[in-house]
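Following: one structure in structure tokens, then a few remarks.
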Amino acid sequence: MSDLVRFGVAMERALLERFDERIARKGYENRSEALRDLIRADLLRDAWDRGGEGVATITLVYDASVREVTERIHAIQREAGDRVISSMHTHLGKERCLEVIVARGSSARLRALADRLLGLRGVLSGEMVAAAAEP
Amino acid sequence: MSDLVRFGVAMERALLERFDERIARKGYENRSEALRDLIRADLLRDAWDRGGEGVATITLVYDASVREVTERIHAIQREAGDRVISSMHTHLGKERCLEVIVARGSSARLRALADRLLGLRGVLSGEMVAAAAEP
Amino acid sequence: MSDLVRFGVAMERALLERFDERIARKGYENRSEALRDLIRADLLRDAWDRGGEGVATITLVYDASVREVTERIHAIQREAGDRVISSMHTHLGKERCLEVIVARGSSARLRALADRLLGLRGVLSGEMVAAAAEP
Amino acid sequence: MSDLVRFGVAMERALLERFDERIARKGYENRSEALRDLIRADLLRDAWDRGGEGVATITLVYDASVREVTERIHAIQREAGDRVISSMHTHLGKERCLEVIVARGSSARLRALADRLLGLRGVLSGEMVAAAAEP
């Protein structure tokens, strides 16, 4: 947060009032904080769309009673090597499990990793979401 | 655009530089313009998520050779009455047609209208997208 | 719709019951129709993500009182030439207008076209949505 | 996976061929598996849009050098009580950290929880994604 610069922004009063209500409802402390977050989210979407490097979370829900599904999920992560940074396992009740994998790489490679996991028998649903662009 | 106010924003230099590159690439004339658009898009998503009134476009691709599909698409629009503001028909080649419908109402009612259209036999794909919150 | 094939699908009874409720609510006439639509939507997302050719709608909301915004929106469409198939203009009240543009091309080129339009002064919000992959 | 039923689906040959290519590329073992996943994803989006109960992951990227941000992220999770099932912390380098939180509840309540976290000073970006509908 070191090197801060300041600049001025012009805006219609009505738009600014609606934005101020919105950020109060979201609990932001000030407009700069809220605007920085909007900008970061926009840059992240853009970097990701253009195939940039980033960090993503892959969330899988699976049925642990299906033969070998747990082993296969782990094997695919091991093969991915450095790309997988960490993972977390959560029981959702009975045989349903949720696995969150944090991985780093290009959007295309992470998409391919997610597809392999989602294609496994026993994996019920899943989603990949970009979390951060590489600095 | 009448009643303009100005305010200051603080931001890390590195973030601002990346944002300036992004808005140059998108052809924005200045930062205020780009920030206003980010804010409007955020307010629109929020209004829509909370069930607010708005204007949406429903885009359908359909196979005009399927019996009665064109008639049914028009009948559903007529039944929707005031909610449908305008519509446009475009030929995509051979029997494939694209219909864009601009409609106004709550997100739930527009969702229901879109679902009826998408469920018709002969409608191949479709999407609804929020275009504007009601002022 | 000429060349139909049939195949069998196996599914847990509970999942199928929830799907049947869902498609009844959406007004589908039968499961095959609903499954074909899910498959088409999935193929479209995939083609689009991989940079394929397609047809998209670009929806813009703009303030027609801003100097030259209408002219610029039309000029950009003319420059895009063949890529723009059709467009529709709708008044939303007072000075707010909505323009829907149907265009064809690669996702990258259509993204660039949408960005140019969204970057114009007076364009308040907008969205691009893939409507169909090229056959 | 106990109680399986079988049913027939009719589809244009060309559509089925493109789907078969797609599922081969994604590594699915068979069509039924791929169709079940498309149906589950559709039911999940629908349940979530209609305010249903579910499990979601909230992913935050934050700057751990910002005063008290770590404490606040943990305090909000504690206040959420039962709703938070598990969380995982990952270092992304220097001061950047990623926190994934798995939580359960209605989409509105989880949205509010995510908004509180995203509004904290020091939280740089974040995203909530629905992972599973409640059975």
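Just so it is clear, A, B, C and D label the chains in written order, and each chain counts residues from 1 on its own.
Everything below uses one rule, namely that a residue touches a chain if its C-beta (ideal position, glycine included) is under 8 Å from a C-beta of that chain, and two chains touch if they have at least 3 such contacts.
Just so you know, these numbers come straight off a predicted model, no measurement behind them.
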Each chain counted as touching subunit C and subunit D at once: none
Same or different contact residues where subunit D meets its copy subunit A, judged by the half mark: same
Mean-CA-position distance for subunit D and subunit B (Å): 24
Rounded Å distance, subunit A centre to subunit D centre (Cα mean): 9
Touching two or more other chains - residue numbers and ranges from subunit B: 1, 36, 40
Chain contact graph, described as a line, ring, star, complete graph or other shape: ring
List of subunit A residues in touch with subunit B within their complex: 1-16, 18-19, 22, 31-32, 35-36, 38-40, 42-43, 46
Interfacial residue positions of subunit D with respect to subunit A in the complex: 1, 23, 25-29, 33-34, 36-37, 40-41, 44, 55, 57, 59, 61, 63, 65-66, 85-88, 90, 92-93, 96, 98, 100, 102, 115-116, 118-121, 123-127, 129-132, 135
